[in-house]
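Let me give you the structure first, and then I'll get to my questions.
Every chain is named by a letter (A, B and C) in the order it is written, and numbering of its residues begins at 1.
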């Protein structure tokens, strides 16, 4: 280390996160709030609704439930890969990221099929509008997460990440897990909660 | 708390008489209604406490200024000084805490007192907010007993009247300061409020929520009649329009039916059934036109028909360039609709 | 663990070359220097202040007397909406971001903000969104439904033009700027403090902006959601607010005020923080009850999330919920009272020096109390039913926003301009400036309380003579003109001082905080050596000794002119969030064009969306993606940690 003090020395060190890590944490916090307000709208309009909510009875789980599992598996695959690089295993990282990407891609494709199969459109009343807006917002986040995943895969292929230094990987991972967790909230609100009423 | 509001009542009454005299008809601190007076009592309490707080703080700042001018020191000298925490504890926590607690108790008490009338309402009036006028309906036992009017709400004095507020366009707010504070009128829901006037008279009101280009011209009036007068008014209003008695008026009816007026307006008993604008069956009995924009005189009526868009730009009432003879007959006919 | 060993002198030239932006256009567009960005924020937001002020003066001309015909109702509606959103979104918050951007690293003992490029992006998006929203005014289709834009009046059937599309997209655009700015402040306060600047040594100004930033992170998404719904409902036939289709107009109100009330505190807490910096300097003693003021700042930010319904008391809510929100709105006065008495006690227990900034601060304290008590008045539900949506509330909001934002901001200009430019602003002109603004303000806005109590609704483009509001409105208009003259004197004083102001030196007010340690204006690298902090007022330690607040006996004194150099590229310390223990040497990013290009791409997308030019929107989107990838590509984000 060449940068220095004069007249005194200073001790560096201790556990602490990089500023970039905190940037992702607070980005996720504001995104979480965004989904909080989206779901607030869903429950608020549901509570004010004078007709059936959802209009055609609870949404089907045939595609959405397996799809939810896909997304969870994708998160787990990412975590597995990230654990790999922490042990210095580049191959495991690349494989984990790739599996996470494929599962995420599958999720978004199935989500597209799920959209096409709904009996209502985005213009058919408040429920339809909220359904497509909320799942659309989430889908956009999945796509952003997939873009991050592609970038991280490119960097991983070039061997950018090391056992000690992989902040971008950690950040993209945190975002991906967030997208996953927020889906659990979206899923239980849109698909499950009307069944409980 | 009620005692305080009663003690404040005389001063409120002084301002109130000014309001009744007409210098500021929407004065919030002048009241006549039962809920209005409770709200005004709370208002006076708040205004006086606020003024006291402002005076105390201003004096504290001015004294700090005056003191500092006596004790000049070097500009760059700094002193640690005493902690000053008692200032913050007393001035920032304890005293404001007590004042705010009193305010809260007074607020909750008033809220409870104005929530509902003590007796069941003598009448229920439906008020429908439109861009930019008020439709007023008294639903009777049948169509022949239903009264539909606009921009004026007659109520019996000394009796609570329930108001059901709805709209089909945008948000408006019902507000007659002397009788009651605002209740918003929101599409998709029916809000209710109640008013009770203590004296006969005319009480000004206006739309309290920005509702578009002519929000400024969306006034109405509450007219408190003696119970007998109120019943008579109700019976008069329920009747269909009188047949034109003279040729000019008959010509006016022809103009009304053929020039497009009837597409938007209703005069019961003539076959017209337009529902866009106000019901004109008894327009001559009303004191204003265009939702309080103009006094209801024949000249104003003609001006309004001719140039509504100049007087109230953006309203649904088109300027009607009628020939002057037609215009005069029409206005003469409308003047007969008592 | 690493130990940094000493050298003889700081290599000032090397530091200068490392940190200074390249000359020419590239340097202008690519710089990430927090001082440059801060100044740009200040200048831009002052321009918006003047624009909003001109809009207000035109409205005041219309309202001078009854039945005036200067403006059509449509023009008036656009003016009051633009006035509101300009002042609230494009002036009040950005001007505070400007001060925070400029002052924070100097105050915290850092060489830059945590995310310098994000900082640049935050400014460029702020500017671009301002250009976007003023495009609407230039083509005569400015937003026209009031700054809080209640649905359903904002929907196509009632407002078919582009007006509210500009509103929705403009606010989403600005929200991006504000959110990333807030994240930058949070990251900075967590990571970028000089070693030893623990939480109990942070200036209150830092607490103010930090609390505001947290509030922004959690409240702004509500606005994003609401405005997105609005855009979707207007463009894609969706239904969120249309009651006939299962929507609810009240959904807009809930979302808007869940954002809107915290926003009020976002635009006053940093200003109150600035006051808490100036009061001790001019009273020649440390702030009274510092921990109480710090905690009350945070408490205000938190309670601010629980009072939104007090904007909706007249919407027909159940009584219990009104009692709750009334109580919360009354309680929030307590933290403010704590701050007020801390300032007053500091004045009483100190020896105030009445320079211009102190005059503005004293004026502010009085106005703050007036705005505060009128706030309590509107928290009392039954009386709120009377005064809501009248000029009483207009008076209240202006006492809050001008009293608690503009006056501290003007004071802060007088206070910190010498640091930024190296030259003092004129004291004589300053006193004139103060008295015209103070008298004009009270003359203009106090009578609004009266016109409100006399029943004048807000947002009326004219009023009948019979209403009896003529004389109060005349006084208000005269007052607003006097106030405008005051603002003009202020602007003149800025320009005069740039040319002819006396040289300031490093610490013209003999203040105690760290930003006064380096010469004025500060060099590009801020600190030749990274200071080591041992008290809350490092520059007063030589006078106060062990009585300096925040000092721990036996820990020694702060070191401001000697410390660690860090001159291998753009370096500064990353410290721990609580104790500010130095953890690592951070390598700060170089200048970059990507923030500017990204903002341009976003502007293109926004124009595409508002004019339904989908090709432009898609092109902008691709541009944004490309910029982001380019931005993220460099080394430092991939290897940001350095153990």
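General remarks:
Note that in this section a residue touches a chain if its C-beta (ideal position, glycine included) is under 8 Å from a C-beta of that chain, and two chains touch if they have at least 3 such contacts.
Everything numeric in this text was worked out from a predicted model, so none of it was measured.
The touch graph of these protein chains is an open line. Each chain's centre was taken as the mean of its CA atoms, and the one lying most distant from chain B is A. If you compare B-C with A-C, the chain pair joined by more contacting C-beta pairs is B-C. Measuring from the averaged C-alpha position of chain A to that of chain B gives a distance of 52 Å.
Between the Cα centres of chain B and chain C there is a gap of 38 Å. As a whole-number value, the distance joining the C-alpha centres of chain A and chain C reads 32 Å.
Shown for chain B are the residues in touch with two or more other chains, of which there are none.
Multi-chain contact residues of chain C, defined as those touching 2 or more other chains: 247-248, 250. Residue positions of chain A touching 2 or more other chains: none. Per the touch definition, chain C reaches chain B in the complex via residues 72-74, 77, 145-146, 150, 152-153, 158, 243-244, 247-250, 284-286, 288-289, 292, 296, 314-316, 319, 322-323, 326-327, 330-331, 333-334, 337-342, 344-354, 362, 365-366, 369-370, 373-374, 376-377, 379-390, 392, 452-464, 466-469, 510, 512, 540, 543-544, 547-548. On the chain A side of its complex with chain C, the touching residues are 1-16, 18-23, 26-27, 29-31, 33-34, 36-38, 40-41, 44-45, 48-51, 122-123, 125-130, 132-133, 147, 151, 155, 160-161, 164-168. Chain C makes touch with chain A in their complex at residues 1-10, 114-115, 118, 179, 182-183, 186-187, 190-192, 195, 217-222, 224-226, 228-229, 232-233, 236-240, 245-248, 250-251, 254-255, 258, 529, 532, 559, 562-568, 571, 574-577, 581-586, 625, 629, 632, 637-643. Residue ranges of chain B in contact with chain C, taken from their complex: 22-29, 35, 38-40, 42-43, 46-47, 49-50, 53-54, 57-58, 60-61, 63-65, 67-69, 71-73, 75-85, 87-88, 90-93, 96-97, 100, 103-104, 106-108, 110-112, 114-115, 131, 169-171, 173, 175, 177, 180-184, 186-189, 191-192, 204, 206-216, 292-293, 313-314.
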